[in-house]
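Take a look at the structures below.
The following pair of complexes shares a single chain, chain A, combined with chain B in the former and chain C in the latter.
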Partner chain A sequence: MNRFNVRLLVAAILPALGGAQEAAEFFRQNCVSCHTIGGGRLTGPDLKDVGQRKDPAWLTRFLMNPQGMINSGDAYALQLQQQARGVVMPTVQGMNKARAEALLGLIEAESKLEKSQFIGLQISDRPFTGEDIEQGRRMFRGTRKLLNGGPPCISCHTMKDLGGLGGGRLAPDLTRVFERLEGRKNLASWLFAPATPTMQPIFRKHPLDANEALLLVALFEDSAKRGGQDDSVALLNFFFLALGGAVIGLAACDAAWKRRFRAVRRPLVRGMELTR
Partner chain B sequence: MNVRSQISMVFHLDKCIGCHTCSIACKNIWTDRKGTEYMWWNNVETKPGTGYPTQWENQDKYSGGWETHNGDLRLKSTGKGKIVFNIFHNPHQPSMDDYYEPWTYDYQELFNAPEGPDQPTARPVSMVTGELINIQSGPNWDDDLGGSKVYAENDPNLAGLSDEQRAQLSAVERLVFFYFPRICNHCLNPACVAACPSGALYKRGEDGIVLLDQKRCRAWRSCVAACPYKKVFYNWFTGKSEKCILCFPRIETGQAPACFHSCVGRIRYLGVLLYDADRIEEAAKRPPEELVEAQRSIILDPFDPVVIAEARANGVHESVIESAQKSPVYQFVKIWKIALPPHIEYGTLPMLFYVPPMSPVMATKEGNTIDHTSEDLFHDIDESRVPMKFLANLFGAGHEGKVRYALRKQKAVRWYRRAVTVGDVPMSTAEHMLREADSTVEEAEAIYRLTSLCTFDDRFVIPPSHREEAIQMLESPEEHRQSAGFGFLSGPRRGI
Partner chain C sequence: MNGSPHYLDELLFAVFPYMAFFTFFLVTIQRYRMQSFSYSSLSSQFLENQQHFWGLVPFHYGILAVLTGHILGFLIPREVLLFNSVPLRLYFLEVSGLIFALLTLVGLCAAIARRLSESKIRRVTTTSDWVVFVLLVIQVVSGIWVALFHPWGSSWFAATATPYLWSLLKLNPEIQSIAAMPLAVKVHIVNAYALIGFFPFTRLVHILVVPNPYLWRKPQVVRWYRRAGA
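The block that comes next holds the complex of A and B.
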């Protein structure tokens, strides 16, 4: 047996040997941002006893190509997408048949436990205080740093009564996000594991702490209660500030280069024509 | 003492007839290429007038030359700090309109125009855009027509003249003008060299000719702004600046530069001066009224044994020292003191000197008779039509003393020669005048000879360039001889 064949053999056997261990690690890295096992739905559904809802063959196929299943018009897949408010489960990198089956095995095993290790974030029900809201606002603005080094909300989002020039315009206005995401638990789950293509890669590496998510929820609950939207005054302010800045900048350049060369001959001729 | 040699020039304005032959000679040799159409390395201006480019003497606008700041010389237009902030745009850059938009004519129009009641004309076409244009100005607009009301009255040298003097310059029957031919002054303290961030400009060690390395130029155009005489030009086609090279290929082969060679009035003189390079900065820092004298003082006596020894020690060739001893420029500038530098207040210590022009006597017209205020043909120079102050602004940094001295000596020479050849002036009067003008009969005779009877060899004392020695430093002369001659600048080579 040559060396190449040995390598192949090792590659084939190793996953089988450390199967359960490897599957749990894979789940932690790729699934928990959207799924729990026995902890209620986040973006994706609670996977407890998923094996009883659909047969393993279907689940394996779905795991390997979620977008393909939706495109093929599979009724259950479409229903899942609807429940996830239109978010399509991404095709996880490194997914293959063996791995999918290992994951299903893991889910089945975890479902039997009274409390799975993947139960997810459990958010407190305590009523929010003014201090919570204030801390939430500080985090939104970035005056209080996020524990794991994530960027503050304001760099992409804005909301009502933020003061100054408002926040970023890249992402949606978050004034009423509490209503859109239907309450404390869902919003907190979203914050804990945001599922949009922009936020996911950032916050996977720098997740919010449970307490931080709670404080932000406090802020969003409060702002939703007040209602309204980020008003356009900030936008107008921004416009005037830019305009004023440009004018001041040009005036400063004009002053700095006051002695620059301007045309000589043309004004000379024109000046004499005027005085004649 | 750090003795160096410099090829310097004298233009005798009293002899210039304003024919522009020099300009054309230069144009035909050097600046008839694409991108150089608007350049006139040699141009002839009519004074009073605004010149080329328009009002180049107005340094409030053009920011050329040097200024003293806390006892230090510094460029008006740029500096180590300033250049950082002006890196993307040079704020003192003249526009093409201030030179003029070069044009040619569509001569086809003369033949192809449809028949009509008027004469067909050749229509002017821009040499830059190729479009038909209305000519707004030209390189000699003061003289061409231009409406001199506009141009002549805005001559920066009119500063300090009374309204009466100004009116006198342009009144009919008193009208006066003279010609002012200009080339690169090959200054001792050149602002263009100091301004270049790329080090492309340099003053040649052996003869002081200021040159611009076309391979090093990076189109910063700091030289264009810094030169107060506006004698460095930007070639918009090659993206390099260019300037007068004093026809160094001609000089190196013993010929006078083209503009000198072709001069109809024989106004141009060329010769070597020895100067003390250690005292350039000190001289350039002097207050305006002392500048002319300061520059003269760093020009050294080529007969002085100390100077000769120092020159030899500095590697100045024996033949160059001999040439300096025969230099007509040395006579005009240092001995006779009748040639003066133009606008020495710019601080560049120009090495082209002008003999200021004599002008007709003032006259008034009453009815049909013209009345000269002075009965003498050789009137008092203070009553000449060109106000002394005007010439002082041009050649004396605003101070009349040196200009008056030069004109008085010229006038005395004329009286002396009148006494000799015509005899209607008593010789005693002529000699008295010479004494008053700080001159002697011998000097007057010498001035007369070099002014009126000068031959080619009197006017142009060109030092040998000793190219054989320069070649020997780099390669064997035998090998060089085989590869020299007409042909490619970079010869053909085997391979792709």
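The block that comes next holds the complex of A and C.
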């Protein structure tokens, strides 16, 4: 093979390799919180051999606009939604025809492997201990730092019996998230690659490790057993603490400027007149 | 659930901020070059001084503390998260932030009440002053709403809003996390851009020429110059 042909071959192979890598990275960032390839069902179906269940054209259309397919009354799309307990697959940012086709190519290639790299988080099924729950609680509250530098759950989430002024309320109460996501495997996969638009950009760069996900699952399993949800007393305490602080602040301002000019100009002008 | 930002989100969080900052820099510089003596707020000596204290002091100390908190969250997000890793410190920071926000609101209400009740002050109040008041009320009320109903902002701001703001600065807006925020947070952010864009048309420009010597110099009698017959 002469030098020219080698160059042609490299030029042909490199984009394909790059495309496969890009598709794998895209799948890792956007799909693994709900799907595995050969690891069983999570929120969404196991995608192993999905190309044998539906033709590529239909799959491409569905990947590009899942909500649209459901709204159009497509029977298979509606069946998928029903199997996912009503959860509609989000339209993934950056999805287009070329990317959808690359993803289907990736799924097909991974399906042929004995063990896909997207088999999902293989989480231990050992019984949780009190220490696991305590470590999970510490991670939730932020007193145990996350290995890859992610923010603690308390920033945005609350749960029952957290103590103090409770947790954040930007995102849902996680007391019963173990029930909502139906168990250890689904929840751990979600934690490992959260698919919400707010969490995804953060945890893409600062993912939890498998052990951290396991410890948080231990906490959530325990809290789901206890039941209930966080009440609003902590929120009221927060408000009244701040209100009290503001009243004290106003009183402090009044006291600190006790000898302030009640009228700035009049005393000054009067002072000037007296000195004339 | 939909991960794709809506066109309106693109407009408000990826286009509007650049329009606001462009207006801010262009008009601020132009105004300083053309009307440098307008870079001030009016002296209050001829005006009402009793209510003035309750508008002036709580508002300025409140807004300065709250703004400092936002700037720290933007500049040193990791350190803020580290500080908040002890829940007691997180609660202390959040309660302090809300205290200063409430002081800002009290000051703002007092300032508005003073302008409405004093005819002398109404006479020196322009339309742009009222627009600023409306924008400030929206900003402060939405901020308090967010602090109360979507805590803990000091942590989630550092984790979500800071990367978004840095992406704006790098001219590569990533609005995914902001597009998914609750309405009150979005109102707070968009209104902040509106304030920045409107800033150079108002007396808020006095922020850029803070008269620091006022802190230590003796009070002076101000004389207003007016042409005869004006």
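Keep in mind that, in the parts below, the second predicted complex is superposed on the first by the 201 of 276 C-alpha atoms of A that agree within 3 Å, B and C clash if a C-alpha of one lies under 4 Å from a C-alpha of the other, contacts with A are read in each partner's own complex, and residues count from 1 in each chain.
The criterion applied here is as follows: a contact is a pair of C-beta atoms (placed from the backbone, for glycine too) under 8 Å apart; a residue touches a chain by one contact, two chains touch by 3 or more.
Note that the structure is predicted; figures quoted are calculated from it, not measured.
*Asks:* Who does A:Val269 touch here: chain B (first), chain C (second), both, or neither?
*Replies:* Both partners, chain B and chain C.
*Asks:* Should A:Arg259 be classified as contacting the first partner (chain B), the second (chain C), both, or neither?
*Replies:* First partner only, chain B.
*Asks:* So, does A:Gly142 touch the first partner chain B, the second partner chain C, both, or neither?
*Replies:* second
*Asks:* Between chain B (first) and chain C (second), which does A:Gln200 come into contact with in this model arrangement: first, second, both, or neither?
*Replies:* second
*Asks:* If you stack the two complexes on chain A, which partner ends up touching A:Val87: first (chain B), second (chain C), both, or neither?
*Replies:* Second partner only, chain C.
*Asks:* Quick one: classify A:Ala242 as touching chain B (first), chain C (second), both or neither.
*Replies:* A:Ala242 sits against chain C, while chain B stays out of touch.
*Asks:* Is A:Pro151 touching the first partner chain B, the second partner chain C, both, or neither of them?
*Replies:* In the superposition, A:Pro151 contacts chain C only.
*Asks:* Chain B or chain C: which reaches more residues on chain A?
*Replies:* In the superposed model, C touches more residues of chain A.
*Asks:* Residue by residue on chain A, keep only those touching chain B in one complex and chain C in the other, then list them.
*Replies:* 257, 260-265, 268-269, 272
*Asks:* In the complex, go through chain B and note every residue touching chain A.
*Replies:* My answer: residues 50, 53-55, 58, 61-63, 85, 91-95, 97-98, 136-137, 149-151, 153-154, 225.
*Asks:* Please name which positions on chain A make contact with chain C in the complex.
*Replies:* Contact set of chain A toward chain C: 30, 67, 87-88, 90-93, 141-143, 145, 149, 151-152, 154-156, 163-165, 167-170, 195-198, 200-202, 235, 238-239, 241-243, 245-246, 249-250, 253, 257, 260-265, 268-269, 272.
*Asks:* Over in the complex, which chain C residues touch chain A? Could you list them?
*Replies:* Chain C reaches chain A through residues 1-5, 44-46, 49-50, 53-54, 57-58, 61, 78, 81, 84-88, 90-91, 94-96, 98-103, 106, 148-153, 155-156, 158-160, 163, 174, 176-177, 179-182, 185, 219-222.
*Asks:* For the complex, which residues does chain A have touching chain B?
*Replies:* Residue list for chain A touching chain B: 256-257, 259-266, 268-269, 272, 276.
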